[in-house]
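The structure that follows is given in the form of structure tokens.
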Amino acid sequence: MNKVDYVIEMLNIRKEFPGIVANDNINLQVEKGEIHALLGENGAGKSTLMNVLFGLYQPEKGEIRVNGKPVKITNPNIANDLGIGMVHQHFMLVDTFSVTENIILGSEPKKSGTVDIKKAEAEVQEISERYGLKVDPTAKIKDISVGMQQRVEILKTLYRGADILILDEPTAVLTPQEIHELIEIMRTLIKEGKSIILITHKLKEIMEVCDRCTVIRKGQGIGTVDVKETSTTELASLMVGREVSFRTEKTPAHPKEEILKISDLRVKDARGAEMVKGLHLDVKAGEIVGIAGVDGNGQSELIEAVAGLRKVESGSILLNNESITHFTPRKVTESGVAHIPQDRHKFGLVLDFPIGENMVLQNYYQKPYSSMGVLNYKEIYKQANKLINEYDVRTPSEHTPARALSGGNQQKAIIGREVDRSPDLLIAAQPTRGLDVGAIEFIHRKLIEERDKGKAVLLLSFELEEIMNVSDRIAIMFDGQIVANVKPEDTTEQELGLLMAGSQVEKKAGES
Amino acid sequence: ACGSSDDASTDSDSGSDNEDTEETDTSSDDGSSEGTSSNNSDFSVAMVTDVGGVDDKSFNQSAWEGLKQFGDDNGYEEGKGYTYLQSNEATDYAPNLNRLVQQGYNLIYGIGYKLHDDIENVAKQNPDTHFSIVDDVVEQPNVASITFKEHQGSFLVGVAAAKKTQTDKIGFVGGVDGFLINKFEAGFVAGAKSVNPDIEVEVQYAGGFDQPAKGKSIASNMYNSGIDIIYHASGGTGVGVFNQAKDIKQSNPDENVWVIGVDRDQYEEGQVGDNNVTFTSMIKRVDIAVADVAEQAMNGEFPGGEQIAYGLSDDAVSVAETNEEAYTDEIKEAVKEWKDKITSGEVEVPQDRDELETYVNNL
Amino acid sequence: MNIIDILLAIIPVTIFYAAPLILTALGGVFSERAGVVNIGLEGLMVMGAFTAIVTNLMMADTLGSFTPYASLLLAAIISGLFAIIHAVASVSFRADQVVSGVAINFLALGVSLFLVQELYGAGQTGQVSRPIYSNDIPILSDIPIIGEMFFTHHVTSYVAVILAFVVWFIIFKTPFGLRLRSVGEHPMAADTNGINVYRTRYIGVILSGVFAGLGGGVFALTITGNFSGATISGQGFMALAAMIFGKWHPLGAMGAAFFFGFAQSLSDVAAGIPLLESIPSVFLLIAPYVLTILALAGFIGRAEAPKAIGTPYIKGSR
Amino acid sequence: MLRDQRFINVLIPIISVILGLLAGAIIMLSFGYNPVEGYGALYEGAFGNSYFMGETFVKVTPLILSGIAVAFAFRTGLFNIGVEGQVFVGWLASVWVGISFESPMIIHLPLAILSAGVAGALWGFVPGFLKAKFGVHEVIVSIMMNYIALYTCNAIIRNVLTDRLDSTDRVADTASLSSQMFYNWTGSRLHWGAIIALALAFVMWFILEKTTKGYELRSVGFNQNASNYAGMNVNRNIVYSFLISGSFAGIAGAMQGLGTYGNMFVQSSFTNIGFDGIAVALLGGNTALGSVFGAFLFGTLKNGAGSMPLVANIPKELVDIIVALIIFFVASGYIIRWALTRFKREGK
């Protein structure tokens, strides 16, 4: 084969972390002008490999060639100089800086010793228009949506003149619309002569835009396949090492009494803007209600209000016909609500606690975990071990700090904890974000099990496929209200997409 | 600090002029080995400073100078015959005293009233060792208490200030408001009012002996409000007072600003270019007292259980006359006059605010 | 005393109290904006004061009227170098930044007093012969009232104010400032943008040493004129408080330093006002601190520290 | 491997102390002093005989308490730089109760200690409350509270507890911690407070590690959002933390007031018990046991240092340098760990 065709070659890369080999003899060859997918389970070593390429990690072994030339990439500067740009799985943006400042950081245009911010803004504007990456150059990062942050990340690489873009799970945090836009952007970039390495857990996306796909499993390269000659099933089994079923098996729901009833709810966000505007919603025992909507339409505020984390301005929230409207989180929990939070690092776990202690985060003060104000560690760890086994949380031990676990395993721990409390209402906010298909399958099964036990489940997801697969009823949220209730079997993703965008509101709302 | 050791060495030949001298004088060079046979050779003396340290430009330093003088006069070597231990905090006093006891020192001074309790305890524990406390009274048979009549000296600088002031407003800056510094305050105010009952004396305390910034700030306000002489009894805080005076003098040499120093002659501190802002100082000769008591102890006449109050009559409290330009003969006269009245007992100088009030009312 | 007299009394004192605090707080801004907590400001001031005084004592004869400025320059340099220890420990060796700062405080006091012992055989130095005196600014100081209030100070006070603006400019307008802030907010983002996080943090910490050294030097040369263990006693902590009070902003820190100076000066002046003389002096002594607390609780409230502050940056950690 | 890690964790402070002492020796040598003599004097001064041993403990006792006060707050994510002031008010309160009346020891002594704790807690309440309620940074408020404590206590001693004197009466025997037995043994001021300090270190450990409240406090210290999510009242826990921390600090003051001195006196500057507590806590990795060791190390070095000028003619400031270096080395544990692992690997 002609080597010049490859813009990137990573040969026999080995990278160890204390106690684990994250990359073991992996090969990756990227052709010029292609979108090359990198696929693997959570913790397979994808991000590690890309961080090696970007100069953040130094490999123990192996060779990297860029455009056929062997190179040593010891820091991101060198990667930048080689034309490699990376959009990281966790955004690398300074919250308090403006879009422009984030983009130019490190290679600022200067005017007599100062940052020439006007010039920079103009440049950002120009690139953003050229590639169709719409951003507001003067907005602060903390004030813009995740989608726009994503675009800022891409602009950062383009501003530095990158020809090879690494996108590490860019779609995990995006809404369907945004994913669609991103795919268009990638196509534009390819046309401009760039090459892209795309990491994603969503096989559909690979099938849609990628040319080839390299699969890694537990740190080892499994091989590279031509996307045109493969299928999602084949990819999934390559990646997991076994058959994976995509349709979640479930029997029809038998909704019973009303568990949660929200009436005319109004909630403001942190900045004081009303985000939930007179919302009505109910969830019955034995059903899963999925909330579909474009991010930023008040979903987070709604969930936080129910969980007692956000002040309710007006309206009421009834649980089993009793008001929990102004309850503290503790009282909400005690009345029978469990909540898998959207942001697992911020809310779900005390990362510096052992995973074992995290398993009793809400009920540490109750029997048997404590009596008369004194903790009973034996019981706590008994419970922890039970959950770790039951939910297949992969951790060296129950004493390991939660921080050390991979994202998927952290998520499983949280789900185990919440489900095990056997609540009347289970709120699951984006429970599968960033997880691999195997883990997603597991979590979906758990949610359905709960429903079958007669619990009410409220599912928030930006993943239409998930909403369609798991929910018994879909509530579409737009501009702070539920604008429609539909059954998954009576609708299509396209129709949902339109409803979420706010069109045909009248007709559908009237219909249901 | 370097200056003081020079002084000591130049004095050493002529310094010892009395009783016990013959032996020491003749054998001063190889005296240490020779001296072993003499009756006082294994006598040793040490002191524990309070948190100020031996170069605090104040009474710790003065005490140490007295001890050095005593050592030089008697041919002792520092570290053997005489020494000191510095305390960094209040908890150090007791261990420091004990360290010296265990090293076998015969006479141990505690410098400063803060050592009162610790001297008392350690003295009780070690009845065979002699102790002495400066600035306070400990009633134990093996403790000699050295106090000073600071109020008398302060009275005299008060008189001098009242004579000197052109605005009839003078100031007093104290360190921490407490019984000791109140003595300075009462004496000063009484002295000034004795000369001129209408004189305004502004009194302010900095709240600490280590707050030069506050000292400077207070001085700035005082000078600003027309006060032209400030008497400070505030240790390191006074540094700020001097600096403010010097600052004013520096930018305008014609300005009338004066500081009255305390404890030692603070003439040096007042030098700014060719001018000097130190009008005079209330000198407290801790050195004389310390050497005096050491001398007595060495000679087997330790005044255990006694309180020795050094005052004007012993020349252990005096008024500096170094700044000849400022401290005029006329002032000298007046001070002398009042000094005589005090030593003769005609005038009883008040020691605290209550006594002061009575005194002023009787003027 | 009428209001003008009171202002005439308060303002100059406010300014000399504030100047060393401003400088030191600016140092704090550099270090903490770079993500390194600097509790060691106190110690860095100690080094500055020590260096300034010793230099002054040693060089006065050779350098003449230039002595105070040379002393300050050296104070800045030595404290800057001294701050490297903090940088090495907390940036390279990943030490807890508070611990390292506390150690700096101990070390500075230990080293300076040990050296004073070695140099002078004493616990404190003598008075310098060339301190910094206040100066009337020609013409401006002749303006009635205003002149006396604002144009009769130590030259270092003006320098402190000017430097506050300079630091503001550096931090918010220059590429270096942008990089410094990025390193304090999100070091990994900075790293991926090719900024050398370690180097930038070193620079921030060293600058904090430079400025705190200057602050300590100014304090010593304008206020005490000598150096002892008590010369710097809490000013570094006050500067730290000023920096937080000022929300990690150079001009805010300056404002806070002025506030402290003002409160302090107010309490000193009040003691001399006949009307207020009957107030027990303790209330005046504590007034500045109480005022600060009230101001914080009443108007200032929550302050956001740079996000990454306190955590060592470990390349490749997550 | 876990065993290895634990071993290294113990090894690091030991190595740090050795390195610190070594560095001190090098400094002594380079300034022409004899390190053997120097350390000999230091040892003598700290443990030379029963008196010095007793005095060493006297120094250690309040440091244990100020250390755990700082450590406790740190563990809950707060920096209590106000221990100094809390020590002051605790000292004052204990003496106040101690001199005001007499009653059986079984009531009087605990009451005096308790009031010290309460006073410290009240002093700690201010920064805690302001932090919880207004988000005011606790460091500034604590620093201000230190000064307020210093000046207020002095004023109370002068104007309330005495008639313009500099020190209060001695506390009644029924409120005194001093011990005739220890005195007879050692001749030092060693008092029962040493035991109280150790007991409270145990209490701190127990609260943090064994109780539900401790679980909450630690959780809040690590992640306020998650704690809130889990139903804990974050603001209330901040206040609790300051209350508990402050009461430890207040009792450190009682050690001075009821034990070491038996009274309180006007002070012209801080005692440093609180500031040293920061170093103690950090030396001890913010744990109870660690703080005890940290206090011990600190007290030993400080007390022993007193003999260095006398016996070996070495300035005792050297000890400050050594202490600082030890703190640096402990703090830089990462690099020592790295060196150790390196060493071990090479050895294999």
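In order of appearance the chains are A, B, C and D, and numbering begins at 1 in each one.
FYI, a residue touches a chain if its C-beta (ideal position, glycine included) is under 8 Å from a C-beta of that chain, and two chains touch if they have at least 3 such contacts.
As the structure is a prediction and not an experimental result, all values here were calculated from the model.
The chain pair with more C-beta contacts between its two chains, of B-C and A-C, is B-C. For the pair subunit B and subunit D, the distance between C-alpha centroids works out to 36 Å. The distance from the centre of subunit A to the centre of subunit C, each centre being the mean of the chain's C-alpha atoms, comes to 46 Å. Centroid to centroid, with C-alpha atoms defining each point, subunit A and subunit B lie 76 Å apart.
Shown for subunit D are the residues in touch with two or more other chains, namely 151, 154, 269. The residues of subunit B that reach two or more other chains are 86, 88, 177, 207, 210, listed in rising order. In subunit A, no residue touches two or more other chains.
Inter-chain contacts occur between A-C, A-D, B-C, B-D, C-D.
Put simply, subunit B touches subunit D in their complex at residues 79, 83, 85-86, 88-92, 94-96, 98-100, 102-103, 113-114, 116-117, 121, 125, 175-180, 182, 207-210, 352-353.
Chain contact summary for the complex, subunit C toward subunit B: residues 1, 5, 8-9, 12-13, 16-17, 120-124, 126-127, 129, 131, 133-136, 152, 219, 222-226, 228-231, 233, 235, 264-265, 268-269, 271-272, 281, 285.
By the touch criterion stated above, subunit D contacts subunit B in their complex at residues 45, 49, 51-52, 55, 58-59, 151, 154, 158, 164-167, 187-189, 260-263, 265-269, 271-272, 303, 306-307, 309-311, 313, 316.
Those residues of subunit D whose C-beta lies close enough to touch subunit A in the complex are 1, 210-216, 218-219, 222-223, 225-233. Within the complex formed with subunit D, the residues of subunit C that make contact are 85, 89-90, 92-96, 98-100, 102-107, 109-111, 113-114, 117-118, 230, 233-234, 237-238, 240-241, 244-245, 280-282, 285-286, 288-290, 292-293, 296-297, 300-303.
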